[in-house]
Every structure is written in structure tokens, then in C-alpha cells.
Amino acid sequence: MPNLPHQLQALNAAVLSDTLDSLGLMQQAMKPFMRPLDDTLQLIGRARTGLYMPMYSLPEAGQNPYEVEIALVDDLAPGEVVVLACDGPTERIAPWGELLSTASAARGAAGCVTDGLVRDVRQIREMRFPVYCGGIGPLDTKGRARMVDRDVPVMCAGVTVRSGDLVFGDVDGVVVVPQEVEEEVVRRALDKISGENQSREALRRGEKLADVFGRLGIL
Amino acid sequence: MPNLPHQLQALNAAVLSDTLDSLGLMQQAMKPFMRPLDDTLQLIGRARTGLYMPMYSLPEAGQNPYEVEIALVDDLAPGEVVVLACDGPTERIAPWGELLSTASAARGAAGCVTDGLVRDVRQIREMRFPVYCGGIGPLDTKGRARMVDRDVPVMCAGVTVRSGDLVFGDVDGVVVVPQEVEEEVVRRALDKISGENQSREALRRGEKLADVFGRLGIL
Amino acid sequence: MPNLPHQLQALNAAVLSDTLDSLGLMQQAMKPFMRPLDDTLQLIGRARTGLYMPMYSLPEAGQNPYEVEIALVDDLAPGEVVVLACDGPTERIAPWGELLSTASAARGAAGCVTDGLVRDVRQIREMRFPVYCGGIGPLDTKGRARMVDRDVPVMCAGVTVRSGDLVFGDVDGVVVVPQEVEEEVVRRALDKISGENQSREALRRGEKLADVFGRLGIL
Amino acid sequence: MPNLPHQLQALNAAVLSDTLDSLGLMQQAMKPFMRPLDDTLQLIGRARTGLYMPMYSLPEAGQNPYEVEIALVDDLAPGEVVVLACDGPTERIAPWGELLSTASAARGAAGCVTDGLVRDVRQIREMRFPVYCGGIGPLDTKGRARMVDRDVPVMCAGVTVRSGDLVFGDVDGVVVVPQEVEEEVVRRALDKISGENQSREALRRGEKLADVFGRLGIL
Amino acid sequence: MPNLPHQLQALNAAVLSDTLDSLGLMQQAMKPFMRPLDDTLQLIGRARTGLYMPMYSLPEAGQNPYEVEIALVDDLAPGEVVVLACDGPTERIAPWGELLSTASAARGAAGCVTDGLVRDVRQIREMRFPVYCGGIGPLDTKGRARMVDRDVPVMCAGVTVRSGDLVFGDVDGVVVVPQEVEEEVVRRALDKISGENQSREALRRGEKLADVFGRLGIL
Amino acid sequence: MPNLPHQLQALNAAVLSDTLDSLGLMQQAMKPFMRPLDDTLQLIGRARTGLYMPMYSLPEAGQNPYEVEIALVDDLAPGEVVVLACDGPTERIAPWGELLSTASAARGAAGCVTDGLVRDVRQIREMRFPVYCGGIGPLDTKGRARMVDRDVPVMCAGVTVRSGDLVFGDVDGVVVVPQEVEEEVVRRALDKISGENQSREALRRGEKLADVFGRLGIL
């Protein structure tokens, strides 16, 4: 994947969250209502943000309600992750589905994260396109919401995301690494993983947790 | 399935919701807290409604707290879907389980939808009986709730359902098609599906979303 | 499993809940936000409780924020279930993960129940260690919460749990059997299961629910 | 007020709640979403319960949707408190208003408690009829809910209430004293009030809280 | 007040809601989280709608984040009610305050209704400008939200509002009368009020509720 | 009031919030569920924090469950504000009441802020002691919660508070000014207030909002 730190695939959301904590960045994990459509698919990429507003009427004649989101998807580069902020959790805004997944995948995009709903779940799972979302629902956005801005800072499931931030998702959730600290976070996280491996081995052998934690300082 | 429009199995919840939207019926998809017990099982059938009330004491001696629901289940015809309204989401009313599923399946019923909880999930999954519900819990209704009316209009997960309405469920959620518009909705939905197939093909080939949407008008 | 009634594995959460109801104990099933990480793994064991408090600052230098939970885990006996009360549901307290699961499994513990979040879900599933939780999230507890007391009565997902109580979990949820009534509950529950088997057979043969319920009194 | 312990007016909700706690009855205070329409009006009386169910359709022709509540109100004796359980908090069930207040006051009833909504608030305040409720709203119950049972045990704002229980309300909230313990609770509560008076005096003089609590054991 | 039906001040929210119900319009009362800042101030006027979106970043240099709301307020005519939809309830969007109230009052506007928060509550109360809102908070909208559209249909606290609809508020809540049915609703509501007066008199005299309801059919 | 910036009483929560916003501190206003017991009482002082944990059992014999809170109150200096964090909103933790208010007032404390509940509301209002809280309820903390730490950083209603921070409350809500920026915030806020006065005058005279905002840049 172009432009992304090596060895990211060896990481996981928990170790990234711990590492961000250690730098004083404690608001980088999205809230637990965010779940993957397929929890075997790791998500790694750079954010491209979109910001939605609620609507309660149909677009006027001649207006294309999907204009901004079409532009965002058509502009995706390989390795990018669409991050759609709908002020979720929501019961009525479903900004993502099969056709957008297909178009994004055709451009090499790495996945989608939204605090809104997602539809066409069966087809998206079959494509093995990584999507993390705030819920599932069959609703079109037309007459319910529209994307107003793109590539602006957004809040998604409790985390501020800027286009260009590193987005990482696995079964434990979604973590956002701000670009400024990316290099340091990745380096520290790889170190921590090797410490965890030692702890695990010792615990499997039946060592006391108190002894292992005393020696390695990792839990 | 008797008395149901042909080709329903080729449809999906998203296209039905879009079609209902196009007729101005925008409140026909149940809220996203409703999930299938088995998301590979499509649900298609006609509603038979039941309405529950909360209770906080045991029934009096000699009273059968299950009387109305037993009558409803014993009266099911093939292709019908039991729709049980419990004012969900709820933490304490679980109106459905294995024995009711068994009795319903024996009568050819198509499934169950409830905004309450469901229990005996393992056995219901093994039967491959389609159930869409507001959650899972082991609680009996006795002393917690009872069905008071049947075949009355109910609100289930945000949608008004009348006995006889078409109920459709898949992994994306549950959509209710009022009987008056059923024929038109099914016809339009089949048309839309063929348009979506064209969009998908074009997007897979890497066409710009803007071009495909401009040409086919489908997202 | 030492010290546990025979035949528990033949039971299920629903029948235990019904049996507790019949003794007037109607608050013994945890709320439905509690779900298993792996819904094929039955959980049976005796509770060992831990009580968490929220925190909003890092521990002071030299303080071990995990001290009480390490002591609890190191003290586990075979067949015990760690029950961690975090005043859940919560978006920020995740008291359980892979290393604690590994240490607990090494001591023969039967599983973990928490109304908080759990992380390292992939690894815990691979271990086939039964965990029932209030959600999933990658967050460390350090700076967010700490266990203050252990082996005190706690409220977990709406149920009072005391160390020594029988904890039973399956796909339908988690039920807690107070030690004082354990023997009677298990005996009655086994009886009820055999009645349910008769009902199921009759219903499969197509008997009217009204007749079966009239004869066997079981739904 | 007939049939009620003397000196109740000298009590308050907090001291009654503490006294019930001291007997191990810790679930007797209604949840804080319950507020008085007029927080200067103390409420003291014996419960007469009504239980509501949600509805989503108009009553059939010839049916009187208010039948059970009319019967309850017409049957009120002096000093009784109508307690209406609507499974609140609710946004749509408003079982109480001016005309029912007028009829109840004409019979000498002491007030009304409901976890539903109340309407005609201005007029009820002008009557100085004590009402404690889960919210305010202008909606009629017709087509939204109906009272199904009366004088059955109900759960109202988290507390089990039986007809005949003592209901006490003031600005701090609503407390329910089960009839069996009423005599003891009232006696103990009066004692506690005199202890609190001593504490208050000492604290006003500027004594250390530690000293006062050490001496009197009251906070 | 120009262009508004006579005798509106004799009405109240409850009777308007009942009358709308009788025409099958059962979704016209805003949810109960909406409360007046001053519950002695009746609100009567025609809606002018504004629709907000959430934001999470400051406006770009040179952009006026208040542009659309300034235009709406400067365009108000006497007797109009500003209706601001923020997808409330919300903890962070406070679209209304003292200066907007002052500017609106200077144009003869009748009040403001918002499902967002309001600030400068003391000053607004002193002005006796009727405001009904979803809560109180000191936050500026800059960097948190902005009005994107005006005079479009909005959903405010559960009710669809169109510019020109009649908005009525009193202590019982806010009711919206669609312009198409306004004349009929006002006429019927005035009739109902005179029936209620008869009921009240009879009940005060101590007549049975059953008799009064039987005779007048009003509750 | 010792040790507090002059002219604070001329400020208000809204202007302080705006000023903190202008320094990039956008999380300093507590959530709107926090309300004053008496909205005419301004609250100004320096925080002294206390952190509570939930409990579900009575303290052991000989244990004083109020120990830490007694120590905090006995240690209060004039002009200090007790800030009690209970992870609110809560239905069961009421850490404040009349006796603590009396003891605090006797030491010259400026008030209390808690995201928990408060009891003895009538008496506290009579004392005119400023209390801002997350709700009202009659419950004792004994057996429900206890203060575990004091003078540690806490999160109260969404805002991080440290002992020594400036706490300001009025009818619009509670704002916390971190000590490091206090001087600058107060100075800027006083400037802004004078600008608002000019806007108000111009708007009262009927000037267009667009003109006034264009000239003064204040809304």
C-alpha cells in the first residue's frame, strides 16, 4: 500500500490504542457501537473525510443529492479510507452501500468507516471490502441526509479525524492515528507487541500474573 | 408461497425501501436495532400482528397468560409472518422462542418479527426458521408481559404494521409493504434491480461514479 | 468441574431463568446488551467478583493500577468465573483481554463475565475461553478505571452477583443462580427440560399449541 | 386524612428513603425523571394503581377507551393517590390531565403519580392538586394507550407499587412505603429527623463534619 | 397579529392536539423534551424554518458561519416564529440566544422554537420573548454547527414543520398545525373547549366521571 | 472572595465559553443535563474535586463510608467549590444534601457542582447555597457509592476539572476555566461583554442583524 508505514499489518487496534495513550492521546479509539461488517478483515489506510447533514425533504428538481459524495469517491487514491461522519449513532442515515463500495474498490481504496448505517451488507461482505459502521439499515440517503463537505475535520464515533490520518480497524474496533505522531506510534507499537509475546508465553506456562507484570510491566 | 407476488425472492430490503421512498412512503423500514437471528435467511410473508403489554405480577390462578398468543399461532396460515409489538427495544419482554417457532413452522408460517427479545436462539437457528428481533434474552413473558390483542394495527420498531401487509427481511433489515401498494412496489423494485446490475458492471470496469450516475441515475 | 452440580451442561439459560422465576427470583438474567464473544461456548462456573471505578487521570508514579485485578486472577481456582462490574454499559472501560484470559485459563478458570468492554477478541476466540461482555473495544483501563474491591457483592448488567454464586451463560444470555437455591434450581430445571422435550415433539407432529399447552402446561 | 399514620407531614422523602434503606428496602425511591408539577406540594396518601398498555390504533366503534380509568377514578376514596404505570419514561402516553384531577379532587383524592406524561399543567397547578410525573405533553391517550388493569401490582419509575402502599412525594422525589413496614418506617423516620436537627445545628455553629458525624452518626 | 386566525389565544396545546388527532394527524405535538423558557408565555405564530448541520472545525477565514441565520432573522415578518431544527436533543448545538431574540423581537417576531439548546436565558426571560427549546447551554454554534438551509421542511422534535405552518406553544408543549387544515382545526378546537367547560363544572359538583363522560363524551 | 480575579461577577457562562472557544478550548462547558437548583444564584469559585465509585453493598462494620467526603468538606477554604464526579447522569448516586451544604457554607465555600443527584433541595434553596447538579433524588449514598479519591483530576458532565480550576455557573450552565488560562480568559471575556452591549443596543433600535454583525462581528 503506497505511502503507509511498513509492518502495519502486524499491529492491532489494542496496541495502537495503548501506544497513543502513552503519548497522552486518549481519545483515538472510536466508540464501541462501531463494528466491522466482517471481523476478519483488517482495515489500514489514510482517511478521506466526508461530513453529512440530516435532511427532511427531497432535493429540488435538478439537484443531485449525491454530488459531493460522488466527487469524493471518484477522487479516491489507492490505500485511502472513506470516513463518513453522520453524527451517529443514527437510525436513519445510511451513507454507504454496494455501489459505492464497488466504485471505491475499483480505485484501490482500502475501506470505509462511518458512524452511520450501511446497506447491501451481503454484497459488501462478498467483495471482502472492509467496512466499519455504526449499524445496518436499508435506507437510501435521498431525502434523509446529504454530504455537505469533504476533506474537512470531522468527529466520527467520538474521534476527530482529518484527511490523511492513519485509520486502523480490526475486530477490537477502529483507532485513528494523527499524521503528526504516526511514525512514533508505529515504532512504539511494534516494540510493545514483542513484549506482549513474552508475557503471553510466561502466562501460558502458568507463571503468576503478579510476577509476569512485575518483570515485564505489560498487561 | 400462496398468495404472494412472484419474484419476491429476487428482491432485497434496500431496493424495496427505495421503491417505497419513491412513492412517498418513507417510514417503512424498521429501526436498525432489529437484527436477524440468522442473516442468511430471507424473510417473506404476510403479517399477522400481536400487541403486548407490560405486566409486573403473576397471572391470577386459573388464568392462562399465553391465551392470545396461542390462539394467534394456532391460527397461522402458510406464508404468514408473526409480528409481535412489545414497544421495543426492551430489556424484559421476550415473546418468542423455540416452542412457538416449532408450532409456527408446523403450520407453514414464514417467520417471526418482534421488537422484543427472543430466546432458544440455538434451536431456532438449527430449525432455520427466520426470526428478526430486537435482541436476545432468556426471560419468559409470564409475569412480565402478555399479548392483549391480535390482528390489530401495531407499531413495531418504528413501522406501522397491519395484518396482511407484506413483510420482507434480509441482512439489511426488515421492510413492510402496505397491501394497497404491494403490486406497484414489487413491479418497480424489479425494474430498479436491473438498473443496479448495469451500474455495478460499469463501476467494476472502473468507470467514474459521476459518469455512471449521470447515465443511469442509480446509486 | 469441581464443586459444581452434575448435569449442568444439559441445562440452558432459558430453563434456568424460568426455574428461578418459579421461585420468585425474577431478576437473575443479565440485560440483553451482554453477549458472548463466541456463542457456541457454554459458560458454567462459580463467580469471583471484581468492582471497578472510573478514573480520569494516570496512576501516580509507583502505583500499580492493575494491583487488585492481578491479585484476583492469581487467586482463581478451577471452575471459577471472573465477574467484573464496571457499571456498564460503558464506552470507555475495557477490563478484560487476552493476557488476563491466558492467565485465567492457565489456572483452570471457567470464563469471564463483564458489563464492561473486552479487547483482543480474536485471540480470546482462538483460545475458546468463554467470555460474555457488554461490548468490544481496544482501550486499556490505565487512566480510565481501576478495580477497587474484589469478592464483594456487585451489580453486573442488572443482576446482583456474589462470589460463589453459580454463573451460567449460553447464546440466550447469562443467568446467575444464588448459592442458597442452587440445588433446588438445578433439580427443577432438569425436570422442566424433559417436559419441554415432550412439548416439542407434539408440536412438531402438528398438534395445536392450545392442546399441547393444555396437556403439558409448558411454553 | 383517614387511615394514614399521624405526623407524616413532618417527614420528607429523604428521611423515608434512608429509613427504608435501613430495613434493607433499597428500591423504594422512584427514578429522578419523576418530578412534581408544583414542588411546594407535599404528596401523602395510599396508592390506587392503574396499568397502561401502548396502542397504535383507534378504539373500535362503541368501545370506551377510558373505561377502566373512569372506573378507577370514580372509585377513589379520600386520601388515595392514583398511581399510573405507563412503562415510562415515555414520549407518547399522557394518562392524566385537568378533568381527571378535578374528578379526583372532588372525591378527596390526595394526588396522582405517573411515569407517563401529564397535560393541562396550568390548570392542575391552579387547583394545587399534587401531581408527580415523568414529563409534560399535550397528547390524549385515545389511540395511543389504554388502562387495562387496575389495583394490580405495577412498576412505576423503578418501584413496585401495590394498592394500599403509602406514597410520599416532595421536591426530592417520590418514595413508596410498603404497607407491611409502614408503622416501623414512620416511627424510625421521625427519630432520624430529630437527629438531623442536632447535626444541622452543630454544623451551623461551624463544628467539623468529622466531629459531628463521629458524635451523631448522621449525614 | 396579522394573518392569523382569530381566537387563537383562547386555545391551548392539548385541545389543538386532540383536534388534530380527530383529523387523523397524530404526529403534530413535539416531544416532551421541548420546554418553554418561561411557561407563562403562550406562543402563537407562523413558522419560518432553519436547518442546521453539525460541524467539527472552525469556518475558513472570510467565511461567515452565521450567514444563513442572519438572513433568516433579518427577513422575519411580524407574527412569525423561528423554528430551528438541530436534530435534537443535542448536547452541543445552541442556535439561539439574546442577540437573535432582540433582533427578532425588533421585527415583531412571535418567538422561537428549537430542538437545540438556548443560551442567555436570563436576558431572554426578561424580554418576555417566547422561546421553546430542547435544553439550555452556554455554547456558541461557531465551530459546532451552522444553518445550511432556510424555509425548507424540517423535522423538529418529532414533528414535520413547513414555513407557514401555525405553531402553538404553552406549558403543555408545542403543537404544529399544517396550513391546509388550520381553519378546520381552529374551529373544531373552539367547540371542544366549550364542551370541556361543561365537563369541568359537572365534575366539580361531584358528578361521577362515568356519568359526565357518558353525557358529554369529553375527557 | 479571596484569590479570585476581580470583576468575575460581571461575567456570564456564555461569554466565558465563547472566550475559551477563542483559545481553542472547546470542551469547557458542562453538558446540559447539569442544572442549578436555583437559577438566580451565580456560582464562582475554585474547584475542589471528589471522585465517586458505585457500590452495591453496605460498608463493613466499623467502616465509615463517608470518610473521604467528610475530609474534603472539612478541608474547604472560603471561595472553594466542591466538584463531585459520579460518572453522571445517574439514577442512584446522590452525593450532596443539606448537611454537607450547611457544613460547606459554614466554611465559606462558594457552592457545589455534581453530575450526580442532590437531595434536601428545599432546605438548600432556603440557604441560598449555589448547587448545580445532574438531577434530584432522595437517596443516601451509603450502600450505593462512595468517594474514593479527592483532589484528583475528574471528568464531570463532560469537562475535565482539576482542583484549583475556576468554576463558573449561571442559568446557562457551568463553565470551567483551567487555571493556566484564567487571567487571559477573564480579560478577553470582559472585552467581549462590552461589544455585546453595543450589538444589543443597535439591534433594539431595529438595525439589520447583517449590518450589526458586519460592523461589530459579534453574535
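Chains here go by letter, A, B, C, D, E and F, matching the order in which they are written, and residues are numbered from 1 within each.
The criterion applied here is as follows: contacts are C-beta pairs under 8 Å (C-beta built on N, C-alpha and C of every residue); 3 or more make two chains touch, one makes a residue touch a chain.
The structure displayed is predicted, hence computed values, not measured ones.
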Note: chains that touch chain B and chain C both are A
When each of A-E, A-B or B-D is compared with B-C, the one sharing over half of the residue-numbered contact pairs turns out to be A-B
Cα rotation angle, chain A onto chain B, in degrees to the nearest 5, is 120
Across the interface between the identical copies chain B and chain D, with over half of residue numbers shared counting as same and under half as different, the residues used are same
At the largest C-alpha centroid distance from chain C we find chain E
Rounded to the nearest Å, the gap separating the Cα centres of chain C and chain F is 40
Expressed in whole Å, how far the mean CA point of chain A lies from that of chain D is 48
Whole-Å distance, C-alpha centre of chain A to that of chain F, is 36
Distance between the CA centroids of chain A and chain C (whole Å) is 31
Chain E residues touching 2+ other chains are none
Listing every touching pair of chains gives A-B, A-C, A-E, B-C, B-D, C-F, D-E, D-F, E-F
Chain C contacts chain A in the complex at 64, 66, 70-71, 73-74, 91, 97-100, 102-103, 106-107, 117, 119-122, 135-140, 142-144
Per the touch rule, the chain F residues reaching chain C in their complex are 51-57, 85, 87, 148, 152-155, 160
As the complex stands, chain E meets chain D at residues 12-14, 16-18, 21, 26, 29, 31-32, 35, 39, 158, 170-173, 175, 196, 199-200, 203-206, 208-210, 212-213, 218-219
